[in-house]
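Presented sequentially are two complexes of chain A, the first with chain B as partner and the second with chain C.
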Partner chain A sequence: MAADADSKLGGVVLCRAGGHRLAFPASQVAVIEVWSEGGRPIPNAREAYALPTQPGRLLLSDTGDGVVVDTLEVATESADLLPSPRVLVGGAGGSLRGFLSARDQLWPVLQLADFSLYLAGLEPSGAGR
Partner chain B sequence: MTAAPPSPFAGQARWATVPSTIGGVSGALVAVLYATVTLDRPPGTNGAFIFSVVVGVCAAVLLGDVLQQRGLKALRALGSGKSKPSPDAVKRALREVHKIPDRAFWINIISWLLGASGIGLLYRSTAVVPWAVVGRLFFLGAVLAPITSVLTHVLIIGRSRTVFEKLAAHLPLAEVVAALPATRLQLRARLMTFTAISVMTPTLFVLDAVVFRTDRAMARLFAAATPELQVQALAQGQAEGLAAIVVAATLVILMVAGAGILVGAALGEPMRAITADARRIAAGDLRSARINAAEDEVWAVASAFTGMQAQLSDAISQLIVAGAAIGSTTGELVQTSTKHQGGAAEQASLLAETSATTEELARSAKHIAENAQSVAQLAEQTLQAAQGGMKSAEAFFGSMGRMRKGNQAIADSVVRLNKRVQQIGRIVEFINGIADKSDLLALNAELEGTKAGDVGRGFSLVAAEMRRLAESVITSTQEIGRLIEEIRDATNAAVMATEAGVKATDAGSALSQQVSEKLQTILAHANQTFDAVRSISLATHQQQSGTDQLATAMADVLSSTQASASATQQIVAANADLSTLSNDLKQVVARFSVS
Partner chain C sequence: MSEQLQSHLVFSSGNSWYAVPADRAAEVVSFPELTRVPGAPSHLLGVFAHRGEVIPVVDLCQLTGDKGGETKRAVLLRLARGALALTASKVAGVSLVSGKLDPLGAGGVHQHLRGPAKAAANDVAVMDPEGLFEFLCQGG
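Now for the complex of A and B:
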């Protein structure tokens, strides 16, 4: 289990890729941009679900890592980070930090850079790579 | 070289005028006898008197003969052989001979007057003779000249007729008649002249004798100095010269009576000849038509009778020939008309059938004409329908043109609308891009506000609200984009529809053009059909009229043929009668003998 400081998220970016939900801590997102087909090669969250890539929003971290999602919204409310079961810690390249409940739904919270790396390590499956 | 045969007219001129010399000499003897008795010649002048008489009589006779022979030039030429007996020469001789009696009459009078005058003058020139003696000689010549001329005339007439008939034998009778047209009808004047001469001559002689004896007695009476001598002178006057005067007067009366007898004979002889010819013709003898010489009205009768005889002879000859021909023809006519009678009946039967057929033909022609009239009306209606169709096609063609223009205008409007929609789409895309950027900015702002914690919460809320607005804008623009797509699809469909409409109107116009052309062709054909049908109708009408006339004509022909058949029967009967008449005609003309 993570420490208490780490169990409280000040804000998250709620994303969707296909029909799947993703959430990234707002603090890890430096800027949100628009990504379209033919743009620079950025890992696409749809690849994690073996879905074909499509234009969407690009979440860039301070380190320059980024992930493309279909849609996103910012949840400004502070939310509790639910710890991830141990069996899932290693999932997604170790980028899964836990879960949170927002909009009456449960969202997996991922490390943006890790997840970007994780996606970059996957077999290419779409035009986003 | 053999001598030419003598002319049949040789010596005829002299022979014809010999009676003139005889008459003249006879008259001269009577005159000399009377003059010897009644003329108081001076003593011792008997020789001069006889000499004067002989010379004067001979000169007068010679003059008369010369003048008469000059009037017979053509006859003398024929007699001497100087002229050939051509028809013209014979005609001239005929005219001369026909005139010679009258010519001799006047020549004789002239000769007598000249002779008496010559005797008186010669007597006075040879002896001392008073003019009274010369005057008495001229008086005696003037008194005896007419009766002597009449005597000469009637003597010459007989011979001139003989010569005339000889000449006429050398010409056809018609030419003889034509050569002497009966224009001078002087019988009445001739008889009056003869009567006057016959009355006046003895009267003048008696008067002269009485005057002469009275003068002589009165002279002796005045010369007697005593009554006894006067009685003796009267007795001498009564006895002196009475016998000679009586003899002379008797001779004059005999001359007058002889002249009268001869005149009667001369007038009656042609009439007797004509009567004999008429009896001969009445007996049926027409073989010897001849000319009877005559003068004046008698010549007119003789020439007319001769012409009539010739015409009758010709007519009888033709009648005989015609009778034979009529008999033959009548027999053939009887046979032919008998055959024709059967043929006419058959023809009438055939014509009756033909007339019935013609009437049937007329009814058919009338039916055809009615049908042709109906067809003509139908053709006219077809023509009117084609003309109406033509107008409708032209109207339809105009409508198609206007429709094509309307479709083209719609297509243009739709194209313009599509362009506007594209412009709107580009504007919406622009707005959408702005909204997207606004959404992105709002997201980033909201993100920044969130990352700022509680401080940035309000900012995040504003940013979130702006992001929702931007998303609403995006949603709206997406909706507008979808609507624009629908409009674009609709406009594309409208463009295609209008293009299809234009094509359809083009095809419709082409079809209407084709329909118009076809209708024009139909109209032309309908016109031709109408004209043809009208011509046919007219022709059938004329045919109907013609067949009606034909039927009427056939009915007339049938009626005529039936009448002809009836007439043929009558002709057969008439031919039988004609044959009988022909036989009668043969029997009648057989009574006449023609050359």
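Now for the complex of A and C:
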């Protein structure tokens, strides 16, 4: 099991990209904006699932690292962070922190800046940049 | 050299039969809709929550290059370093395995599958679950 098994999340941004679920700790999200094709060059979460990009919402960290997702909602209630199975430790370029059970579903919780860097390394000339 | 092995759970995934030590096979589960993990290899189908634990599901067909249809069943392995679910098309039950324990390949996943062996009237690949787990931890 991962080391941060007993971590608490104070709030999360629950996102969807091409039907897939992913979440970011709310404390890491400084700005949420609308994003459209031709907008500022930010990695799109769809690229992690080998899907074409489409307009969506942009999440930016306070360091300026960002990720575009299809849709999002902010969940303010605190929740337990479930540890990653060992076979997934280091997944998504080391950005995977664990999992969250919310809305009767399981969500991978990712470090926003690290996930942005991971996506940027997938395909430097990818669509939507 | 022919060997008589301990009790194994015998199951198929796609066209191939596998045997895993019965004391490592915790249960056979029907898994719900899986959560895909971004960037995970294709043989790692996703994860599901099971009794408060996040369980990864590995598609043995994709891992071994075998052909197989979709299934919602899996054999849940409990190992010292974690849990793992392996897709299962059919489950033949617990049986003694006889045969050889030579690795079925020099590298990749096949070095953690051994044989040729027989169990429950099937040709089976005898799985080294700890070796397979370590292989998957290193990215498969």
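FYI, the second predicted complex is superposed on the first by the 120 of 129 C-alpha atoms of A that agree within 3 Å, B and C clash if a C-alpha of one lies under 4 Å from a C-alpha of the other, contacts with A are read in each partner's own complex, and residues count from 1 in each chain.
As a working rule, a residue touches a chain if its C-beta (ideal position, glycine included) is under 8 Å from a C-beta of that chain, and two chains touch if they have at least 3 such contacts.
Since the structure is predicted, the reported quantities are computational estimates derived from the model, not experimental observations.
In the superposition on chain A, A:76 makes contact with chain B only, while chain C stays out of contact range. Contact with neither chain B nor chain C is seen for A:54 once the two complexes are overlaid on the shared chain. By the touch criterion defined above, A:32 lies against chain B but remains apart from chain C after alignment on the C-alpha atoms of chain A.
When the shared chain is aligned, chain C comes close enough to touch A:107, but chain B does not. In the superposition on chain A, A:7 makes contact with neither chain B nor chain C.
Once the two structures are superposed, chain B and chain C can be ranked by residues of chain A touched, with C on top. Residues of chain A that touch chain B in their complex: 10-11, 13, 26-27, 29, 31-34, 57, 72-76.
Against chain A, in their complex, chain B makes its touches with residues 436-437, 440, 443-444, 446-447, 449-451, 453, 457, 460-461, 463-464, 467.
The part of chain C that touches chain A in the complex is made up of residues 33, 35-40, 44, 47-49, 52-56, 58, 81-84, 133, 136-137. Residues of chain A that touch chain C in their complex: 1, 20-22, 45, 48-49, 82-89, 91-93, 96, 98-99, 101, 105-108, 110, 115, 118, 122.
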